[in-house]
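Presented sequentially are two complexes of chain A, the first with chain B as partner and the second with chain C.
Coming up: the complex of A and B.
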């Protein structure tokens, strides 16, 4: 390195923070160089968010911490000081105004001031235009934000950060709801920002992107610094080990099930605009993986199989009998269970209790002879499933929203397994679930298959279906384009075929 | 044991009982006539009217909606009963005419609620808009049919319901008690009540879980209308007359009684017992002010102030959780 090296954009040392007896951060150091892309990795609850909030002055660290912005020692960090130093955070929820236009969202801060005054639309537009130009992106400045896909809203959020001269940009889980193409576009923007001297800190669950785009990675675990590593030579599995402190042996688990009865047989299923001529079978005890990009029609197919939409053509046979569902209640009664992709708003009723969320699918079974719900039957059923799936809870009366992602997903599994289904459809079962907890979910899935349940598992993460399914179906443009045997193909080849 | 009772009562109940004791103590000290049998009897006769209407308002709120049509639904049901009685001799009408009229009144109430519920369930329109339209429709229809006037002149035996006592308790209070118990059972122990809570928190997730969201919505608004009809019949027997606009001022009081009783304004949570205690608090307040010589309008103003005070206290202490419902 040549001297004099520019001071790092952010340098922290000896940062600790305790919340009500819980040590959220313990003697952590963190450094971001100017113009660097840096990855901040760690499981949920490892202290990533707390660290960001200390850097941006939302939380005050315990005495003894040292915080420097661009070499300058900060005595007390306030949100205002962080902003002045050019530190901006794009949180996962983006914090945009859905009913306002793109230009207003990007440049609304030019309107702020101590006194009321008229909106200067021309200036608003020119500021917004300049910010988008810097990103090398063209968007309709007058479009309402809510009409934009998530990926473009994210670009708007980045452009807004640039309007107040951001020099360090934190991005919280930026790719979690993007397709591969959208992710690539975002990563290109990130590289472009870095080449212009803006440091970008990537906070992501999805390890591949972090390793792809960043120069260095800082790993936190349980509030402690595990280490800072260059990404060159780092592999996903090594990073997972660092984050969780455990080793995971990823091995193909596919098996043949020649004699097993066919549970689900779909022939020529079509719903115009969603999916075309889909045929597939799932046998008892088999895990069939369905992968493809977002927009391939995977979730739409799941909805039709679950009776929530009606196919225009084709047939669904369950255990040899043709079925036609008028609603998902018919599908549940026939023995189909569906774990939706969106656990937060569709999989569970977040404010309600763990117990109620568990029994919601089986109310007749917890009702006594009088037709009234029996608290004793309910408690017994809930206790059974909490023990069966090893769900970590306080009490069953707690709101399900108090649980971690992995434990929430177990509650979703519990409520559907309680219906004793013949076919379980899992739509992206590990979205928002920690790397460590994912392995637990897949162990449960494999255990269910071993007991004879037919499982259709949808995921846009190819490695998930590659390692956990017996067969992999590739869906694209509403059609199933090919079937793969994970034992006969290497993962990178499959990834190349799907992500293209 | 104490812990079990506390759990069964829920977190709001002790605080509300404390409030009730405070109101009784203050008025008992200020007015010598407050702590008398006569005053308690008057509370017991007045409370059921507001109480039944509050129960009618409560389930739509728990389901994440509102029923603005409750007052006119109650009065349309009362009018229905009145017309049946008039058609069979007015003051000389026999008991069977009352039974027939009651059936018709319940049917009208259920139909008004059911229609609102069906529109909400099948169009997805907001409950406030749908029930507002229903409210305007019923008011207009009632005023057209009665030309804005009263209908009165009913058989004397109706006084046994509106003003009578049974088992030593006022009949209206018994009716309210039965209705409240039915609601308690429905919300706490019946599948329908379970669905109402779940839909109140998240209708989409409830549908994905296999609940019949539409049927639940139609049924709960039908039950709300049915409860209005009971209130309307009771009002007829108490005042011996019916008018479309009777009790208009109570509409928003029922909403506030629900919130005072810890029903979550955003739906999904709320229990019957705390709401009943809240009703006693409001009625004791109004009756106490009445004894002190304040007029009815001032009493209404004090209700409003009291409820604002409760919201502020809730915020300040933050320990009076909305988000609880069942003891079990």
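Coming up: the complex of A and C.
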């Protein structure tokens, strides 16, 4: 050969893995070139995590697999061998130590080893400084990690991986809790690493970012390799089709609702520092999309509408009657339901059963004359909503934590729909939900609207509101800057207006 | 200095409370700020402090131990039985105290690690088992015929005050200083100590980085047990008897003082300085009440109230700072 290309950083072929009869990976091949940014895409359960765990030596593949790191054939991959080959993973939970200093978190390697030694502080700091310098970032080395915002913790996690001389860095859902600006900063760091020869494998639900930063994308579905594609020319909808194996008719669903009664009417609502002079209406049967960048005041507005904070000025009318909520209990009683953004921590009590989570909002209604909860009433209510929302469960007694993201979201919806609300506020309903399951959620939302529920849907993903709302409100800097009819504007124009 | 305060708000807060309380007591009772009283305060606190730094290591590693005080009694009994009325010496006494104490700690660690039971459940169980066995074998009777080296007072400092009374520091204070220093070295200065913090802070992350959970559990509970054994040995030097139920009940007092000192139930946080300050704060409060002639029955009530006030006010200031930062 005249021009020997460098061997790929990772080259796997014929990788299979079975867990208790379930084929998690079936004859998968995977390749990452040196210094490449690669996107690994697929729905939950497609085998992404299993693949990463095989690459890092946590799981052993079935016989017949061939694994090469930087051209070197690996007989058996152990976590230690993977680390020595320069493969590092930044898990979604970051695996950091909140009570320890930034320097200790980054240079934790210098603290390892079975034998007690004195901590060498100078070396600890110089290792941490070098890693941060490599990323082009400055952080206070002595600050406790827990005082840092999540975006900076992520940088600490990346810096720590660099101290292990990482040459391939897997990042599992790195942007799921970052704002747009923080995401941009992270993507810049990823590009910088790649330009220095570190391959980065990006695992993200947010397809836009993966397509933006990566050169190639590997798609897995149901444990099989669907294909490896260059990201140039790849669209989000095409990628979604590859991941799910279904085609989604991304069509604008907006309609006119002449004569539908106004359910929510907000006039001049103001809460200084959060939102200013907000006016909006939501009619019965209407889905109103509220979009804008993170920090635009969307969630703060939701909190005020739901009675969790008190507006300083302006009025809220519900079905024509002016309301003033002293707490969210008042809002619930008046017929407002709110599904919060952070469904996992705020929306559900994870270890409790699906049934208990569903009825928690309506405990008085399912209580008998004695004041004790009637099991019969409870079972009937739970069965009704499980059927209504087509929630896939084992039994209602199972813990919510056993459900997939999409089904958890449905349980949250069930819990609030059980209160028979007139207005449903959905804050970022698809955060952390698979693309395939998202379509199901929007179908439910549309179905609820068709039955006359007024819905205010908040999302920072413009396409979501564009395709699923009847009207789109754009919020920026605490104000509603403009209203759009999705039928009268092209998606790229709207995206430009919001993200621009 | 400002940084020191910012990074260690609990310790700074405890120093402030301790100073204010001491100043108040100095005014209220002329005998508080005398060398005689302060040295006796240290003598009486030595055993608690030794226990406290041992317990701190367990708390830092994310565990809790209820059994250490009765473990100290068990160690006393085992040493007394081994030596009889005249055998042994200080060197073997220390060696046995550490060995028996660490052994009892290893029992806790083994149960926690191998059966994956949370430490509070395990140590409540071993607390009952240790105490039950001890009462069974002693039939509740104390041992008073002990080797002379063990019960003889050893003074490391003495000075006569103007009124003729003697201010003295005894051996347990020196041993306490050694235990405090050793624990500080372990936690603050060695890689193993930092691993203990990491393990208590985020066990899963620590495991992924190659820290062995078993090693951490055995080290933490072994250290706590060894300190408990040493505390038991010293307590005999003070009390000159081995009474099986003498230490029963002291564990919650020490636990409260350590938590008051800033150690977090749940792991990853706590310093030796804070721990010592926590114990001393409670000791000064008790001493002050004593000097003021308050009924001993009020001790526990007042001590409980101090701990509640101290913990809740420091919690408030932390919460406020967090809100301001956000």
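In the analysis below, the second predicted complex is superposed on the first by the 496 of 500 C-alpha atoms of A that agree within 3 Å, B and C clash if a C-alpha of one lies under 4 Å from a C-alpha of the other, contacts with A are read in each partner's own complex, and residues count from 1 in each chain.
Going forward, a residue touches a chain if its C-beta (ideal position, glycine included) is under 8 Å from a C-beta of that chain, and two chains touch if they have at least 3 such contacts.
Since the model is a prediction, treat every value here as computed from it, not as a measurement.
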* **Which superposed partner A:97 touches (first chain B, second chain C, both, neither)** => second
* Is A:230 touching the first partner chain B, the second partner chain C, both, or neither of them? -> neither
* When the two structures are overlaid on chain A, which partner does A:268 contact: first (chain B), second (chain C), both, or neither? -> neither
* Asked: In the superposed arrangement, does A:372 touch chain B (first), chain C (second), both or neither?
  -> first
* To do: Return first, second, both or neither, reflecting whether A:64 touches chain B, chain C, both chains, or no partner chain.
  => neither
* Name the contact category of A:197: first (chain B only), second (chain C only), both, or neither. => neither
* Asked: Between chain B (first) and chain C (second), which, if any, makes contact with A:117: first, second, both or neither?
  -> second
* Report the residues of chain A in contact with chain B in the complex, numbered from low to high. => 308, 327-329, 332, 338, 340, 345-352, 356, 360-361, 363-364, 367, 371-373, 375, 399, 415
* Going by the contact rule at the top, pick out the chain C residues touching chain A in the complex. => 3, 7, 186, 189-195, 197-198, 201-202, 204-206, 208-212, 215, 264, 268-269, 325
* Of all residues in chain B, which touch chain A in the complex? -> 185, 189-191, 194, 197-198, 201-202, 204-212, 268-269, 323, 328
* Structure fact -> Listed in rising order, the residues of chain A that touch chain C in the complex are 79, 91, 93-100, 104, 108-119, 142, 144, 147
